[in-house]
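What follows is a set of structures to go through.
Below, subunit A partners subunit B and then partners subunit C, in two separate complexes.
For the complex of A and B:
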């Protein structure tokens, strides 16, 4: 637990908290981007270069942009009048806490389940690529097909017939 | 002697670091490299603004700036003082915090891209295993700062400019990545240092740069188009089209914040040119084996400045594209061509040495280029524009 870890952890948690408590939707989107960035830096601090860069490329470069676009194109970025909390916030809090507890329990248990390794294995980007192209090639292709189908579906939903009255 | 001149900056750094106590040495080394990047590129930016204004002036039959200093070369100093002393105006309805953060985020993110570029033999801040991935990850973050600027200004022109910029950058990022992937396929490494080393070989005194192969030449052309669009340069300067949107996403910025946006845009140009140089033009390697005595950093910076001159030349020559042309070009022409180029590069890799692969690969690329271009143009009807998905 170095000082860098504590700074990054504070940044990530603060970003995530701001994302649920701020009143302006665009501010929330920007705050969640901060949390994404903090998470990416945590990955990098753990020497997981590929995970870190993929996190930046996908979450900051694509997901955050998608979120702000969706906000601007739909409801406008005005602040809602009646608070930021929905009436069922207590139930939501309970579910989130339960999921967090389950994940935390699983992670803490995994330390005992897996035999202790003397050294952390050095995974390079090349190893990730090799694994994706050999052992995990079928899941990769299925994901690619699924994404293509989703994109075609989105285009069909957005497209209106030629000569259609709007 | 030649070797010392080639490594002069590296030796200088080691000499300065040598004065520091043992514990501080790695830290001081990093700080020195960062300071070098932060000083050199804004210096080049100042030089480029004069070059651009003079060059554009010549192309448009004007004289360009000629009042400050001999031939107007002190113009950037005057501009800098002006932007520092100008009042910093923030609109009343603007979102003050986001409005303040946007230019800072842009400049910081753009500077980070330089950290992986090898600017000479042994001259890179970090030699990352995944340097190219880092560069693109950082490049993707600039879109967010542009959106922040456009949205926080609470001005419809700013917002329109930001939306255009983000749509354009998201669209052209795909061809940019795909055209760079062929280099990774052939080199077998994401490290920019290794990519340059793979190109630093000579046959009959001629270099093995990737631009001198059929797939490399095609990839370089598509990379150049996508990089121009990615940096919002003319003819892809719709986000700041001054005849339509005042100044696009930075309409509501004045004084030094405006200067920061200007700086960010030019630094983006430098880093994109640097990446193109590294991937296709052999990075810091000399264009002829006989010219290897010239220091490597001179070659890198001359190639970057040459690319900048080409960008200025394009700006003075080409008219601006329309939004639908821009999108059609990216998705219907450049993207399929980059996908084809991936296949051609794989073919090149597995056909082995010999003249046959030159003929086959060039024939495929040229044939598809001509056929796709002809059929694409044939279906074009010149008339009022129509949008299918957005009205």
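For the complex of A and C:
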């Protein structure tokens, strides 16, 4: 466990915590961007360069911008007079704590049974590209179709209806 | 604690925080942010198991994570489009006020 891992883990967890607890929605979007950046750096720390840079491009470059657009278009930065948490927040918090306790218990119980690879895998982005074009070419095509359908669907769902002058 | 356990615990913590956000916030956009955090935690698990497991040259974990990132991007686009569309009907992003199936 290096010091870099602990710094990145603290950054990620702090960003995620701020994203779900802050009152101002725009601040939440900024905090979740920090969490995404921390996760991308953790991917790079795990020698997964392609996934790390894809995370930066897709999450920090696209999803964070989309979230900010949606917040500004829906006036979500105005805090509601009833508070930002739902009336059943205590139950939600208990469920989340129980899930974390279960996951942590399972990890700590079972992780020593798994053989650990200490050597860093010698995988380059070229290998990833070769795999995407040979063994994983069908999933790649399906993802391309999914992204096209999602883009068309998002535009149709969010489009003004005809005669809708609001 | 082994490195793998450290990464898995961070992923479990981020997953739990995302779940708490999705279950407790009122704003629909913040619920979507919580779901994105949960998806990211799953990706961290996949890559950690790929890095520390046997046969990293098969690239299975990285491929899973990359396809999961692509699917999450599609989900975010459609989800935020739905939020904007609902906002146009009911003039709010508050989930507690979206209690009618009929627009």
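Throughout what follows, the second predicted complex is superposed on the first by the 124 of 166 C-alpha atoms of A that agree within 3 Å, B and C clash if a C-alpha of one lies under 4 Å from a C-alpha of the other, contacts with A are read in each partner's own complex, and residues count from 1 in each chain.
Note that in this section a residue touches a chain if its C-beta (ideal position, glycine included) is under 8 Å from a C-beta of that chain, and two chains touch if they have at least 3 such contacts.
These numbers come from a predicted model, not from an experiment.
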item: Which superposed partner A:152 touches (first subunit B, second subunit C, both, neither); value: neither
item: Touched partner set for A:17, first subunit B, second subunit C, both or neither; value: second
item: Superposed model, subunit A: greater residue contact from subunit B or subunit C; value: C
item: Contacts of A:4 with subunit B and subunit C, given as first, second, both or neither; value: neither
item: Touched partner set for A:133, first subunit B, second subunit C, both or neither; value: neither
item: Touched partner set for A:56, first subunit B, second subunit C, both or neither; value: first
item: Those residues of subunit A which subunit B touches in one complex and subunit C touches in the other; value: 50, 54, 62, 69, 158, 160, 166
item: Residues of subunit C defined as touching subunit A within the complex; value: 1-10, 12-21, 23-27, 29-30, 32-34, 36-37, 40, 43-44, 47-48, 50-54, 56-57, 59, 61-63, 65-67, 69-78, 80-85, 87-88, 93-96
item: In the complex, subunit A residues that touch subunit B; value: 24, 26-27, 30, 33, 49-50, 53-54, 56-57, 60-62, 64-65, 68-69, 72, 77, 124-126, 158-160, 166
item: Subunit B to subunit A touching residues, read off their complex; value: 95, 98, 128-130, 133-134, 136-141, 143-144, 147-148, 151, 159, 163, 166, 170, 173, 189-190, 388-389, 391
item: Subunit C-facing residues of subunit A, complex; value: 1, 5, 9, 12-13, 16-17, 19-20, 25, 28-29, 32, 35-36, 39, 42-43, 46-48, 50-51, 54-55, 58-59, 62-63, 66-67, 69-71, 73-76, 80, 82-89, 91-93, 95-97, 99-100, 103-104, 107-108, 111-112, 114-117, 120-121, 123, 127-128, 131-132, 136, 139, 143, 146-147, 149-151, 153-155, 157-158, 160, 164, 166
